[in-house]
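Here chain A shows up in two complexes: once beside chain B, once beside chain C.
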Partner chain A sequence: MDHLTALENKSIFIIREAYYRFKDIAMLWSVGKDSTTLLWLCRKAFFGKIPFPVIHIDTTYKFPEMYKFRDEYAKKWGLDLIVGRNDGQVEAGMGPGKGTKLDCCNELKTNALKQTIAKHGFKALLLGIRRDEHGIRAKERIFSPRDEQFKWNYEDQPAELWDQYRSTVADDNHCRVHPILHMTEMDIWKYVQRENIPISELYLSKEGKRFRSIGCAPCCNPIDSAASSVDEIVTELETTTTSERAGRAQDKEDAYTMQKLRSLGYM
Partner chain B sequence: MSKVMVLGIDGAPFTLLETYLQKGVLPNLARILKAGHGLSQMDAPVPDVSSTSWASFFTGTNPAEHGIFGFMELKPGTYSMRFPSYEDVRTPAVWEIAGGTSGMRDSGLKAAFAGAFASPAGSVVLNIPQTYPARPMNGVLTAGFVCPDLKKGTYPAAAYDYLSSMGYMSDVDSNKAVEDSAAFFKEVALSLEKRAKAYEHFLEKGGWELFIGVVTETDRVHHFFYDAAFDASHAFNGEFLAVYDRLDRLVGSLYDRFMDLTGGQGKFMTMSDHGFTAIKTEVYLNAWLRENGWLTLDSGKEYYEQVALGSRAFCMDPSRIYLNVRGKYPRGSVDPSQRASVASELKDALKAISGPDGSKVMKEVYLKEDIYRGRLMDEAPDLVCVANDGYDLKGNLKKSEVFGRSAFRGMHTRHDAHCIMPLGMMTSGRLHIEKLAPLILESLAGADTATR
Partner chain C sequence: MDERSLHIVIVGHVDHGKSTLVGRLFHDTGSLPAEKMNEIRRACEELGKPFEFAYIMDNFEEERKKGITIDIAHTFFATPKRRYVIIDAPGHKEFLKNMVSGTSQAEAALLLVDISQGIQEQTLRHCFVLSLLGVRQIAVIVNKMDLVGYSKERFDAVSRDAIAALARFNLAPAYIIPISASAGENVAAKSPISSWYEGPTVLEALDSFEPLKVEEKGLRFPVQDVYEVSGKSVPVGRVEAGRLKPGQEVVVYPGKTKTRITCVMKFMEEGMTEAGTGECVGITAEAALKRGDILADTEPAFITSSVRANIFWMVDQDYRLGLPMVFKCATQEAIGRIDKIYKRFDPATEKTEDDLTVIKPAEVAEVEITLDGMVAIDSFSEIPELGRFVLEHAGTPVAGGIII
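And now, the complex of A and B:
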């Protein structure tokens, strides 16, 4: 069996296992390449018709191309799409220019998701995170419980040997399931290439720039790149040395700095 | 040529050390002083904020040369904020001059020591604020406040591996000081233990002529508990003294090891970047500017984007006043030709502010020309205020009252930093933090002071 097929099999096993263990399950779709790949795998796992809802957390700051892509494929693939939004904060004008960027992420992403989970009573969520994205994600498990505050106790996790997953969660908790945790950025692109998975045009180079990671428009910076097709992206990644989320790193450092300065009475 | 060790004690005031030495709280410092060292009061730069002051310390230059006027700046031609990093320090650090790694960065100090080092000197530089992200140098560096990522803040990679494996902490969580004071002091104690272990590790590893280690915990404790420093009845007086006791033991053991290593020939110093005193009241300069018609804020926006057309001045932490000059800012409202007269009018008005008890708030209000010199005068604030002790100046934009209190109990002072150095290195006249870098380089290079 080739490498990509082995990865695909593992992902599909996890997706079907999660669905078997949790009936109140949904998947998170950010419209980025990773969760779109996850969506593709879910469709494969259930022969084209996904038997649970797909949640898009809408901060209202996503790129217009992302909304278009979401609506087009939600229709084409017959998704049961739930759009989660923290309406109170959106109406109050929360945004990257108001408060810190950390406040903005917290209200429009984290709290929007908390509200959506509470409203629909989901006990498990499928997420398209990958171990190689960030240092802390390397510590993730495939089945990973969160408490009601979304806290993750990474110091107390089972080893998950031989595909044995712990899927019992307390009443006020939910379980996060990560079917593509074992894939790398390169695996994703090679799989997108092999399967011909549709992806947002934002990933493809226009006038010498493209996005390597997409999210909210004000907080994403494009990279210099001439790669205007998936084939060219694969070639580019084979030679690059910068990290995938480099375009997002400065914001995080600034948010950290601001928080630190505030704790000492500045700002 | 001698090895040099400098222990930085963030915010440790001269007057506090003097009192604690008299009370016998600092036995190790006392014996170091007896062994041929002197304690002096020292001036910090203006403003007396850590990032500016440490940059002056490690480059030996004025803020208009090194370019760090505070923790935060506005991006040129905008009201949008940015946080200057080590990359914004325009003049070379002492370890870069001594180690031959200053590259294109230039300063009078670098020129003065050109050719003074027969071979590049290695350094160990631990926890100095304003050194993030770390860049390659001759030795080891791990950045102090603010260090968002220890890996990026440490050079070389092996030093990061060691620090992360031993659970090194670049800073404590100051939010805890208010939420859970007991947990805060516990974290301070743990952080000091980690520092002691790491500093001893790098000291023993060798490969250095210059060793600089900074302790920041003192500053954090002072901010929240300075009222406990001299008040035996204060609930946290015991904890406060325990921090100084641990610090004293840390200084003592590093000093002993350093003297063993150098056969008593090494040059040993301690210093702080500013002093501290108790807060009577906080003073919100932007509220004062608004009340007196200098500043109008658009409440629909955030931070400095709020500066509205018609505003003549605004303040950034802690006490930097910028004139809202046309052409420099998007909603600039002061004609460039009027800059000098507006600045002098504002200076007089600021000097006249009196506090709730009727006493003068300002010790001095400086025009930038009075205090700064260097290539970066255009980046300097137009005026900087220095307050009398007890008046803590702040650039907060959210306050509507001019005076108020918060959880903070201690404020920085410009005039009460300290320095301990060998008696033979001491010079007459008042000491300024910018003067330490040449002294360090002279000791390292073994140069004759009189020739430089």
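And now, the complex of A and C:
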């Protein structure tokens, strides 16, 4: 079995295991390439019809292209889309210009997600994070419980042996499930290429610039790149040495922002 | 380089140089972004320490302060031959459960020994875990050769000890390699300093290891769930051994009823004629199926409600004879309890304990588990997926087991 097929099978196995364990499950879709790949894998796992909701956390600061992409494919793929927004904070004017970037992420992402989970009573969330994204993610488990405060207790995680994932979480917890944890950025692009997965046009070069990672418009910087197709991105990545989140303000502001954000529980 | 990636684990006593070796492998195979090197360099400067390759692995803020690895971490590097997923495992006793979960996926192991320290308690414990988990492809890496001036005599002495240590667990090293992880000797490039050494470098040794092959065995298809697709009942699952074909006659275990596969399917793939080991597929079959059914075309080794196995106790609480747990093997689940402990011991000291009513943290025990229902299982060395299991208590895995 080739590498990409092996990765795909592993992901589908995890997705099906998660759905078997948790019927109150949803998938988090940021509209980025990773979670769009996850969405694609979910469609495959369930023969085209995803049997649970797909959540988009809307900070209201996303690129217009992202909203368009989201709505187009939500319709095309018959998704049960839930848009989660921290309306209170949005109305109070929270934004990247107000307070620190961390405050903004915390309110518009983390708290928006907390509210959405509470409202719908989800017990599990499928997330498209990858181990190679950042050093701290190298320690993630595939099934990873979070407490009420979304805290991740990485020092005391149960072992995951042989694709046997924990079957329950305590009542006040929810379980994060990471079906593409084992994929790298390169794997994602090669898989997108092989499967012809639609991705946001923001990833493709326009006038010498493209986004390698997409999120909120004010906090994403494009990189210099001439890659205007997925094939060209794959070629570009084969020769590049800077890491993927280099263009993201969130990470630059503080080397440990990721860690802090994480312990605040967003992803 | 389309070959599947090989999962390797690096084990050894704390401070013998695991993290340094991993950092070195990354660096020397060019798998490290420049930016990451800078991040680490900065962190080291802030802490007033010299540049440490080990920090590539030890990426947590807390770890940087404490100076220890606290959990397994998965990382990737590639040689021209294939990709490697490294599972770094810590040496500390209390983190052994992570080590077990790391090793569980490993197809080959590097066992690190510090030349100036020799074989230590943890080294033995790790040898045992490797044997328990059936990891057979092992290279012993004798590290810090720079501390002994690349002495062949010292190397030979430690090599003998390593062979003897592994032999106690019925293991034999494929290679014994003298290296300096910090200086990079014999890791990616052959060292001119240890000219007496004629064997492979660490990377050459890794490239010579083989992935496991279960494709050639009898079919094992554990049903994972049953979906409804366009009005039809579609059992789904992953082929764990052998091949699955439309038209195939199979036996459904543990009940031993016969049925025929009428269709093998994946989304967006028309007319599948076969699914091989590792593939997740949906099927249609003449009989109604449910999660936990095992479809097979050769008889599993045991159809039983009584499982004899080696288990590794992973949690901090003791097990007392009779406490019920959930036995999970592939997609099969049954309530069970350990009714008999034949022996239990600390894998490091190999000292057997007399009290056979209890199993203590980090111990290994040979046990008999009595289940409330029948299961179909194989021996681990034949069909790994049906030969290993997890015991769960209150939703948390408490032990891993290997069927002997």
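Please note the rule applied: the second predicted complex is superposed on the first by the 248 of 267 C-alpha atoms of A that agree within 3 Å, B and C clash if a C-alpha of one lies under 4 Å from a C-alpha of the other, contacts with A are read in each partner's own complex, and residues count from 1 in each chain.
Note that contacts are C-beta pairs under 8 Å (C-beta built on N, C-alpha and C of every residue); 3 or more make two chains touch, one makes a residue touch a chain.
Source: prediction; values computed, not measured.
When the two complexes are overlaid on their common chain A, residue A:Phe47 makes contact with chain C while staying clear of chain B. Counted by residues of chain A touched, the larger count belongs to C, out of chain B and chain C. Shared-chain residue A:Ala118: touches no atom of chain B or chain C. When the two structures are aligned on the shared chain, A:Ala92 is found in touch with neither chain B nor chain C. By the touch criterion defined above, A:Arg131 lies against chain C but remains apart from chain B after alignment on the C-alpha atoms of chain A.
By the document's definition of touching, neither partner reaches A:Ala226: not chain B, not chain C.
Of the residues of chain A, those at positions 256 touch chain B in one of the two structures and chain C in the other.
Within the complex, the chain A residues that touch chain C are 1-3, 5-6, 9, 12-13, 16-17, 19-20, 43-48, 131-132, 135-136, 138-139, 154-155, 157-164, 166-170, 182, 184, 241-243, 246, 255-256, 259.
Contact residues on chain C toward chain A in their complex (touch as defined above): 2-5, 33-36, 39, 42-43, 59-61, 70-76, 83, 85, 97-98, 100-101, 104-105, 224-225, 227, 229, 234, 236, 238, 265-268, 276-280, 282, 291, 314, 326, 328, 384-385, 388-390, 392, 394-397, 400.
Interface of chain A with chain B (complex): residues 93, 97-99, 252-254, 256-258, 260-261, 263-267. Considering their complex, residues 71-72, 82-83, 145-146, 148-149, 171, 173-175, 220, 223, 300-303, 305, 317-318, 394-396, 406, 408 of chain B touch chain A.
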